[in-house]
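The structures come next, written out as structure tokens.
Each of the two complexes below includes chain A, the first together with chain B, the second together with chain C.
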Partner chain A sequence: MGFRSMTVRIDEMTRTAEPPRWWWWAAIIAVTIMLMLLPSYLKISQINGISKLFPLGLLAVSMGFMWGFAGMLSFGQTSFFGLGGYIYAVLSLYSGETSWPLIAAILLPMLFALLLGYFMIYGRISDIYFSVVTLVVTLILEKAIRSTSGDQYTVLGVRLNGQNGIPTVPSLQLPVEFKTELHAIFYLAAGVLVLVYVGLRLLLTTKFGRALAGIRENPRRMELLGYDVRRYRLGVFVLCSGIAALAGVLRAVWGNYVGPQMFDLNQAGQVVIWVIVGGRTTLLGPIVGAGGVQYLAAWLGTQAVGQISLILGLVLMLVVLVFSQGLLPSLGIAFAYARDHLILRRKI
Partner chain B sequence: MSAPDFILETRGLERRFGGVRAVAGVDFKLERGELRCLIGPNGAGKSTFFKMLTGQMRPTSGQILFEGREIGGAQAHEIGRLGIGIKNQVPDVFDGLRVRENLWLAARFGHPAPRADVVVTAVLERLKLTSISDRIVAELAHGQRQWVEIAMVVVREPKIILLDEPSAGMSAEETSRTAELIREVNRTATIVVVEHDMVFIRQIAKKVTVFHQGRILREAEVEQIMRDPVVRDIYLGKQAAA
Partner chain C sequence: MLQQVVAYSYQIGFSFSIFVLISLGLAIIFGMMRVINLAQGEFLMLGAYASIYAVKAGLNIWLSFLVAAVVVGIFGMVVERMLIRFLYGRLLDTLLATWGLSLFLVGGVTTLLGPQTESVAADLGFVTISGLAMPKYGLVLMVIAGVLLALSWSLWRYTRFGLIVRGTMQNAHMASAMGVNTGRVYMLTFGFGSAITGFTGAALVPIFGASPTMGGYYIAKAFITVISGGPLPLLGTATASALFATIDGVVSYRTSSVLGEIGVLLVAIVLLRLLPLGVTGRLRHGV
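Right, the complex of A and B next:
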């Protein structure tokens, strides 16, 4: 009972069906300005470390949005993350250009999602099989890529290199000049993340977004009301796959490298963990979860503690047991509690 | 006098389960604007009859005419689109969403967005639910959840509303509030209520159809039904007579 009313409290705070208030826009502008200024105060290695987190945050959002707002648990957003990276790598190495390969690297994975999603969603497989199939697909892609180590495995003249991945992936050619290439990646990835975040937040206020919430709550009722639930589910799956693919391109550009580990179980599992830790019922949660967990892992790496996975596992267990909603929603609950019991009481 | 305008009619409607005739050839006529109660003891066939009217069960034989159109065997969602609003016994709502959002999702299908907002606000006021419009449905009492679902039916502006035991499980106070709400809705829509609770039926107090053994036993004003010795005998028992 206690947990149920806590869930309700956080819902009360988010009000996603309504357009964002002025303070939300103010916060977005403040964060944007902060991100623009940030690189001047950081060392190159720090810029590099933070730039790496943006694509991962984007990947987490693409999974968390589907799970938290449409009730679809995809265990394999890494399929589209990896495909986006690989398609961009191959096409840009083949053509020497970067703009149309970027677009193709988003659209082709979306097309694949449309096909895969059509069979899963229109075939009305149950929720658990949706998770299983998406996981299996990403593992199949991983195995397929890993087995392409010979000379004979080339696409458009680009060697796939199996386990070793493709190095020398070209950076995006941008119309604006930046101080260094690292600055360019930082601004690009941060900008994309903010735009996607704002876009998804606004999407939640549209008929499509509000219908998704209805489908999450009670799909059968939505069908009785006349909504074609399958079309909405397929739509959100394709959209989020596009976001994951974009994240894959950014990841490829960041390290000038793509490899089969973009698809693997470790990566796929991490996305789910980020979203659980950060909290799937908010849009910001997955981003914070991805950044926080990755940062923690990197920091543990420098502390010579050894068993990083073990410690991360303990952190995950702690979060699931203590903050069952994830960190951000729990913070929201604490905030609402403080507001109601400390501040308001004093006023009365 | 002009001929009566029948919005809903069944002709020889029948549903068999194996050898049992749950509904055994029912001829039923409903005038536009009526508030009709269907009553009967358990197994009288009223629930089966209701399920056929709402497209949740196919008739074995016979016809169902809605505004003169045959709708027997139509799918549930097709029936919804014709302007028939249905509310089953168990509340079927969006628990994690606000009351207003529940209504909006119901109103938005078929209405453009600005119109949906207007309709939702009007219905909330009309059914006196404005004070709870910002509450999460999961937090509400059983009775309130039922009213939310009735409101979800009303925002779709149906011509006829079919309600299955809307007062089941409600307190006396909630029951009379429900009766009030149904009378209000009846001002703009024809209503059929399947009901057990005689106290509730007296509060709605219009024409009553009594089912018995798959057939219509009586059809009359509520006071007349209450006095009818045969109806008392088979269904009402001593409590209502007292």
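Right, the complex of A and C next:
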């Protein structure tokens, strides 16, 4: 199979198989402290705007991890994102509780991913079919949700409301008290994002993570070495769909709302754009990309340039044509070139 | 009883023609050329708008289909020269770039023409068979689908151009060594696929209308049809269309069109497990 064509040689840039060094931990702690202090220096509207980015960043991570570290490009992450949000909304409205709906909203999409992934990965469909089938799934789920306007479409007594989505999604009941509800969401989403990031980074150092890197580089050789490639791929797919579902729950909690836009093609496309712009070769890249592009889109929205998708589409085409390695890695290559050819020559 | 048979066959035939119409262009662009064109739905949309504006300019509706084919065909060739030709063999980059193109076209058309749905009526009336009134245009669509399938099949199978195209897609270096200008062949094939897409997009207007985001409604169906079809683009697409149309037709008729589509998706996913290379995966020769 041609998974190699879509891989990136990250081993040359970051040695992710080794446990992180002390400065990495220091950076994580610094970022955590910064995130803890940040809300007291911000206006409410800014806190609101920033906490919207965390779930999206988490969604981008769930896609970037699969793409950059397992060589699988899934467009279906938005389907798990949306499913997670909807399942949480329905169950929490039905029961009035929030803790077990949260768990169910992560486990059920993972189960769905397990079934879907079994058919795709164990059918050994090629890399590109994998991308297209996951895309098709999210498109059809969106269509299905959009068609549920009307009283007859209720799940557990909760109306799905089709195009309009479900308002009044309950906030998570947390064991700790926060100053306002917004602060709670900010800390919750930021905390989850940092934890997932650290968790994935540590996962890369385990046997599982090393096997993934091997599969990304050369699946056939890994198979000859006795690894069941399909099982590892299915594992990553299920894991990342769980992360996407968790992101969907956080998104639902953030606005107290779920809607069919969560499955949207533009949403899925934007996630890809974040991952490309931020660079798929690092775990941090997609998070940075998500923040940056969201900010750009919001800024474009205030500049009255008309259709945002027009600009995003142009950016995507240009990035593919001009910076085929992704924006940040291209900068890195340019930097390395400059260092080798301009500075070193002077030394000689 | 007879009435039921007629109703089901109309529903299945209609569904079959829709599947063929939305996936025929993709069968050429993705099935033959291996270009994952995510902007395929937007090509349909451009065809639809081209025909609407041709009709508004006073043209006959049937001629407007041809206008749409020409407009989208030329547009496709321009896209091939400016974007796609840099991306052959880079499957993933093709996917991303055509996604960008799709977003760009949706945004552009919304900005220029507005987000509303426009339509043109083809007032053909109804035909009554054993007490059931069926819109004549549905029958016309079935004929169009059949004719387009037959035409493209004979083009690839019996003409010199078809031979050269198939040879180029099989082995571009060899074709080039035989004196074929492969760049031109790629451009023309992409243009031909786009022209067919434009034509079918226009043919769908009297039923579904046209809006900037209409492409999103067809792209999923089109891709599962071509993927399930397998390596022989035309035969595979026709077979997969027939299979999916039967499921879609029956389920849609009994419940709702969304359930029909979900049924098709489920069958397609199970099918990929059983026949990972598609329906025609075991066949070696043909188109």
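Basically, the second predicted complex is superposed on the first by the 296 of 348 C-alpha atoms of A that agree within 3 Å, B and C clash if a C-alpha of one lies under 4 Å from a C-alpha of the other, contacts with A are read in each partner's own complex, and residues count from 1 in each chain.
As a working rule, a residue touches a chain if its C-beta (ideal position, glycine included) is under 8 Å from a C-beta of that chain, and two chains touch if they have at least 3 such contacts.
Predicted model only: the values in this text are computed from it and were never measured.
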Using the touch definition from the top, say if A:G150 reaches chain B (first), chain C (second), both or neither.
neither
Considering only the touch criterion stated at the top, classify A:K207 as touching first (chain B), second (chain C), both, or neither.
first
Comparison of chain B and chain C by chain A residues contacted
C
Who does A:G226 touch here: chain B (first), chain C (second), both, or neither?
first
What is the contact status of A:P19 with respect to chain B (first) and chain C (second): first, second, both, or neither?
neither
Contact-wise, after the overlay, does A:L135 reach chain B, chain C, both or neither (first, second, both, neither)?
second
Just to be sure I follow: which residues of chain A are touched by chain B in one complex and then by chain C in the other one?
5
Residues of chain A that touch chain B when the two form their complex
4-5, 7-8, 11-12, 17, 207, 210-211, 213-214, 216-218, 220-227
How about chain A: which of its residues touch chain C in the complex?
2, 5-6, 73, 116, 118-120, 122-125, 127-129, 131-133, 135-137, 139-140, 143-144, 147, 265-266, 269, 272, 276, 306-321, 324
Flag every residue of chain B that touches chain A in the complex, lowest number first.
76-77, 80-81, 92-98, 101, 104-106, 108-110, 113, 136, 138-139
Quick check on the complex: what are the chain C residues that touch chain A?
36, 38, 83, 86-87, 90-93, 95-97, 99-108, 110-111, 216-217, 219-220, 223-224, 227, 256, 258, 261-262, 265, 268-270, 272-274, 276
